[in-house]
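Both complexes below contain subunit A, partnered by subunit B and then by subunit C.
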Partner chain A sequence: MRSTILVAAAFALGVAAARAETPADFEAAFAAEARRADPAFAGFSAARGQQFFGSTHGGDWSCVSCHTKDPSAVGEHVVTGKRIEPLAPAANPKRFSDPASVEKWFKRNCNDVLKRLCTAQEKGDVLAWLMMPGAGGGR
Partner chain B sequence: MKTCIRILIVSSAVAVASLTAGPSAAKSRHAPLLPAYVEECGSCHIAFPGRMLDAASWIAVLEGLEQHFGVDASVDAKTLEPIRAYLAGTARSKPTTAGGVPLLRITETRWFRHEHDEVPQRLWQEPDAVKPADCAACHRSAATGSYSEHDLRLPKKGEAK
Partner chain C sequence: MSNRILVWDLPLRVFHWVLAASFAGAFLTAESERVRDLHLLCGYTFVGAIAFRLLWGFVGTRHARFSALRFGPGASRRYLLSLLRGRPDRHLGHNPPGAVMIPLLLGLGLAIAASGWAVYADAGGEWLAEAHEIAATVMLVAVAGHVLGVMAVSVLQRENLVLPLVTGRKRGAPGEGIRSSRPLAALLLLIALAGLWLPGIAARERRLAASAQSASIAAAGEPATVRTGHMD
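Here is the complex of A and B:
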């Protein structure tokens, strides 16, 4: 029963996303999407991702407002104060394992911070930063 | 046909809900929360029990998730369906309206204000005041749906967030 639902959900998300079960799979899917959007796509940059993550984009909040500057640290929801587990896959293996969850939270959080969806380039840059060796350790 | 399917989905969700809760717990004031509800509505704040708002209020909350108290909490229709059934099935029977309009905030309802009129004012007012919606700051087992006096502990000075 449960696996039927899972299979159905994965199917609904499309072939590319359905196979994305590790952070590397997500990175590959974002890259394919970024290349479709811009043939001159030249790869992801962790530095650009970190910059994007720490900046405001016209509103009051940045990604850091809830997730902190450190991808391996526990965050706190800026309005409610609720605990948020770390985003770096090295610190929290649940991250970037579920396509539906990743899609849902990028949509919500990008809307909250940028008042629009994030591009594949932006998502890939952020992920590259979250996956950087050392992202599981302090700064 | 479409309504048929809808009814099917709703009734199976209710069946699942009552199965999970068990026959005795379903009647109790502290019936366990539906896991799918906690998963979806417990990520930014604790999952508020159904009995805190009436059905009309819950429906109004669920219809405005794209702009939910300043954040985007939108979720796809398929995920929402069992949650809608669960909340409607466990909702408060007494109305939570103001001037006939369903209230969206538990903390603005009459019952909430009444139950909390003895909470010391300092807790709401100091610079590090407790937010009324941060139930768990005082009700230490709020995450599990329990608000009994047994688990009540008011934050001390400087302890609140």
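Here is the complex of A and C:
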């Protein structure tokens, strides 16, 4: 019985994740995943997200290396020099609209910066910061 | 029959190994943004090699020409049967299954290059990246089949088929070979390669040095102040 509920919950989560189309959907999916990983999960923090974004985590790169400190600004790829569109959904509506894209880039970029995958807590913190009013441009 | 004659010209040999190396290099640099520029260099090398091969199929030496390829289903069947019977029907140039690899690998290669360029140019959605990966994976399978096939034929035919792709020489009657290894065309190919890679590597070094410098300035300049944001 209990396992049935768990399976149903996991399925519902999977469906929710698969249907994520707005930044809020992604935030909800990250929150659900963070709660599963840690029952004491106490929400996301934009301040923690900003700090995470600027930290090199003991390596040489941070998220800022390519994306700049300003989530509404256009970034530049460190090794190719290629233009990188803003991360803040308010400045770039394409961000956090496609689950495959979000998963792919978190996986790749976390490996490049932290040499590991990011946790749902970390992803949610960063997203909370990117969604903060004022992060979206006009500054 | 025991004479060693020249069969594969030098540009063809250079092409083969450049294509193999650029494909392997592109696979190894596929997943990280730290080496995205190297992945691009491998891609340009790869598509340049394919463009060269398309040209060489018309103006190259005898066994390199597309007109010399025999890859109909009948030819492949006869050849495979001859191998199974233990009396390999030896081909001095490309054997029929080897000939099949040429349009297959060149076609897949063009698809990989076109989709890769489109991904980099942000010409479409995430599906383009998927298409790029799928085409590359299909080519990897084709390459594995090619390598296994070459190994199998080398054993069954008691003839090392890989070594001639380095030396250019195979056993054969003098009249069947080619006269020139076309060193000038090979030299032009190598110059083009150097013209791509040397500035590419120099640009990489410059960018990495600049980013290391700006990172150290940022680290020295300001303490990591965190703007207080609201808690979600």
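Just a few scattered comments:
As a convention for this text, the second predicted complex is superposed on the first by the 123 of 139 C-alpha atoms of A that agree within 3 Å, B and C clash if a C-alpha of one lies under 4 Å from a C-alpha of the other, contacts with A are read in each partner's own complex, and residues count from 1 in each chain.
Criterion: a contact is a pair of C-beta atoms (placed from the backbone, for glycine too) under 8 Å apart; a residue touches a chain by one contact, two chains touch by 3 or more.
Quantities reported herein were computed from a predicted structural model and do not represent experimental measurements.
In the superposition on chain A, A:22 contacts neither subunit B nor subunit C. When the two complexes are overlaid on their common chain A, residue A:47 makes contact with subunit C while staying clear of subunit B. Of the two partner chains placed by the overlay, subunit B and subunit C both lie in contact with A:79. Judged by the touch definition given at the top, the superposed model places A:129 against subunit C, while subunit B stays out of reach. By the touch criterion defined above, A:112 reaches both subunit B and subunit C.
Comparing the two interfaces of subunit A, the one with subunit B and the one with subunit C have residues 77, 79-82, 104, 108-109, 111-112 in common.
Contact residues of subunit C toward subunit A in the complex are 31-37, 40, 120, 125-126, 129-130, 204, 207-208, 211-212, 215, 218, 224, 226-232. Of all residues in subunit B, only 43-46, 69-75, 131, 133-134, 161 touch subunit A in the complex they form.
Touching subunit C in their complex are the following residues of subunit A: 27, 43-47, 49-51, 54-56, 60-61, 64-66, 77-82, 98, 100-101, 104, 108-109, 111-112, 128-129, 131-132. Subunit A meets subunit B in the complex at residues 77, 79-82, 104, 107-109, 111-112.
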